[in-house]
Amino acid sequence: MSAPEHEIEEEGSAGYERVVAFSDGVFAIAITLLVLGLDVPDLPESRAPDELAGALRDLGPQVASYFIGFAVIGAFWLGHHRFFEQLRRFDSTLLLLNLAFLAFISLMPFTTGVFGRYGEVEAAVILYAANVVAASGFDTAMLWIALRRELLPPAALAHPGLMLLSNVLPALVFLCSIPVAFVDPGIAPYVWIALFVVSPLLVRTISRRVEADG
Amino acid sequence: MSAPEHEIEEEGSAGYERVVAFSDGVFAIAITLLVLGLDVPDLPESRAPDELAGALRDLGPQVASYFIGFAVIGAFWLGHHRFFEQLRRFDSTLLLLNLAFLAFISLMPFTTGVFGRYGEVEAAVILYAANVVAASGFDTAMLWIALRRELLPPAALAHPGLMLLSNVLPALVFLCSIPVAFVDPGIAPYVWIALFVVSPLLVRTISRRVEADG
Amino acid sequence: MSAPEHEIEEEGSAGYERVVAFSDGVFAIAITLLVLGLDVPDLPESRAPDELAGALRDLGPQVASYFIGFAVIGAFWLGHHRFFEQLRRFDSTLLLLNLAFLAFISLMPFTTGVFGRYGEVEAAVILYAANVVAASGFDTAMLWIALRRELLPPAALAHPGLMLLSNVLPALVFLCSIPVAFVDPGIAPYVWIALFVVSPLLVRTISRRVEADG
Amino acid sequence: MSAPEHEIEEEGSAGYERVVAFSDGVFAIAITLLVLGLDVPDLPESRAPDELAGALRDLGPQVASYFIGFAVIGAFWLGHHRFFEQLRRFDSTLLLLNLAFLAFISLMPFTTGVFGRYGEVEAAVILYAANVVAASGFDTAMLWIALRRELLPPAALAHPGLMLLSNVLPALVFLCSIPVAFVDPGIAPYVWIALFVVSPLLVRTISRRVEADG
């Protein structure tokens, strides 16, 4: 906490390490609780030999939503990770925004579960997309505060527009998928998958630019 | 553990770092388990397209209690965080009080769940308020011991009354909400929200005073 | 891992810090999962105002078992904590015994739940007591290996008998409560409570003796 | 992160310590959630004294699968532990493979639960074996990348074949148990137990060879 990279400016702010450890704990628990969205099929013993394979196959959409939910929380964790690695200082605004952000990460086992169970219904798709948008919103707000208050290293501060764009991208993609869900809920997940292809490329491009200048 | 800030006085006491890590683990898990209070609606497949949106809207109070519960555990975590940042020494009394405190934090996914499901019923409001009062009580007991045994830095010890007051405030607010719940359970949560407005102001004022003298 | 206190003797053994962090994680999660033994009462909305208070009172035994379970896991954590604080070296036998020990800690949310629900039935009392005995057994086996292989500091090695006795005590008390449960399951928990009174005194006595010689 | 053992080569990669802490969190939570596969029996109060002992005995297969699942996740954790202890550098490919690996570890409370409930049905055995094979596959892929990109110390790089073999062994054993399950699902678990006997011997042999050369 007294190391130069982890300076704490404002009074009342909390220790850097412990905030990161607490955030990692919430990420690790939320990502692992996704598995509770997969219920062990409840079959009478006599019918299990014949019907279990089919019952497990019927869980296909839930299993798919488990992996989508794992990738989404994993991607947020990676982003949070990169952001805190660069962060030079920490203030109480960031602390509160981080808690609000974590509240929406921690909500995901529920919204992922609804999406896994009712993936063909627009309300389920919209609920999940709205959850991701809310989490992304607080994530971007943290970056915005960090850029405005110059809590990041100079190299990062040189490209504020690029950094904000790459950060706001998931929110935009999931936001766009909401009207898509009104037309056909089945298409929205494909919009999300596009994100997973485009996003790493954009992040890599920005990192290279920032490095080149740094 | 041998660093001057983390002195351990009495024999039989446990390592500072590991106590903090264990406490953070319990906080992170309890706050994340709040999501288990939100059950995925159970609708037959044929009726889901028409009824899911309504079923999710009916979960409104549970979602509200999820965010209240998240804010309450988050606020306790911040307070615990600030307290342990200042703490100079640690003894086995604090260790036991900390475990008792964590037992009531860890109980909150249950009491928050009862409140979310039956928020209009006085017993649910009282149960949740009593849980917060119990957690606050052990929290304040830890501060009281730390002040009496001079386990805090001199600046903090200069204003024991102010520190105890800001610490006991949540307990007082939730305690006052119990008789309010007997009159009208629906009003009690608004008493709690008042706390979230007043509390940060008070904490900031005290921090400034302590800093000014420190 | 290269610090002198954390020497690792045998090849194939794992890093000290990470074993402690993993153990603490399992302790923190197991202790927090105890709350899942408390189910939110399921009442129709119309009857909740009249019946909720009674339904919560009926949960009394579950709440009591929650606190007993919390105290038991907390006590094991404190013991584990003290043991690893003293431990000088670590080998793969200890690593495996530690995993087996954690398997029985991690089982406690289930056995505590059975005890909370059926506390008056001897099978429930015996199941819970047997779980505590098994955990204690592996705990004592770790101490025995550490004493035999001289993995503890000289002061601790001076009183092997006293240390083993204080460690094996919980197992003995819970073991004695099993025949008691056959006579009257309701008495067994009072045998356990005796443990919580005697045990800290014994631990303190031993610590003082070891300190005096150390 | 700037220590020589924890060099990070490629840009965009995340801090070594935090990756390890996050992985340990997921391991600790997944291993502890296995207990949720054990449901407290639901008996009417009047019949509990007579039927609880029998109902608990009927849980035998679930308890057995709990311990198998604990041993399997524990073994993966030990392997992960050893691998990251040796790892010199870290890149974003390893980061993504590690997340994919953790997704299959985190799935195990579900597949272990299905196996515990329907251990005599081939679909349950195959599902669990397939989960272990998938986790092992990503584990081996991490080792393969680390060997190819020379992210391990010279001694480890001297025996790539032996290291890959010991790593791929669990996958092979569980893979072989799948056709066995088609013949008789009851035999497959005994194939797995063979693994637990052979595997430590092989790991020890390799460690000694690597040490001897190192």
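Per-chain residue numbering starts at 1, and chain names A, B, C and D are given in the order in which the chains are listed.
The working rule: a residue touches a chain if its C-beta (ideal position, glycine included) is under 8 Å from a C-beta of that chain, and two chains touch if they have at least 3 such contacts.
Going by UniProt, the chains are A, B, C, D = TMEM175 family protein.
If you're wondering where the values come from, they're calculated on a predicted model, not measured in any experiment.
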Q) Which chain lies the greatest distance away from subunit D when centres are computed from Cα atoms alone? A) B
Q) What rotation angle superposes the Cα atoms of subunit A onto subunit B, in degrees to the nearest 5? A) 90
Q: Between subunit B and subunit C, two touching copies, which fits better, same or different residues at the interface, with half of the numbers shared as the threshold?
A: different
**Q.** Cα-centroid distance, subunit A relative to subunit D, in whole angstrom
**A.** 26
(Q) How many angstrom lie between the centres of subunit B and subunit D, each centre taken as the mean Cα position? (A) 36
Q: Could you check subunit C for residues that touch two or more other chains and list them?
A: 21, 25, 29, 33, 36
Q. Which part of subunit A faces subunit D closely enough to touch in the complex?
A. 20-21, 24-25, 27-29, 31-36, 38, 40-41, 43, 48-49, 52-53, 56, 66-67, 70, 74, 77-78, 81-82, 85, 203-204, 207-208, 211
Q) Taking the complex as given, what residues does subunit A use to touch subunit B? A) 11-12, 14-15, 18, 21-22, 25-26, 29-30, 33, 36-37, 95, 99, 102-103, 106-107, 109-110, 113-114, 117-118, 120-121, 123-124, 127
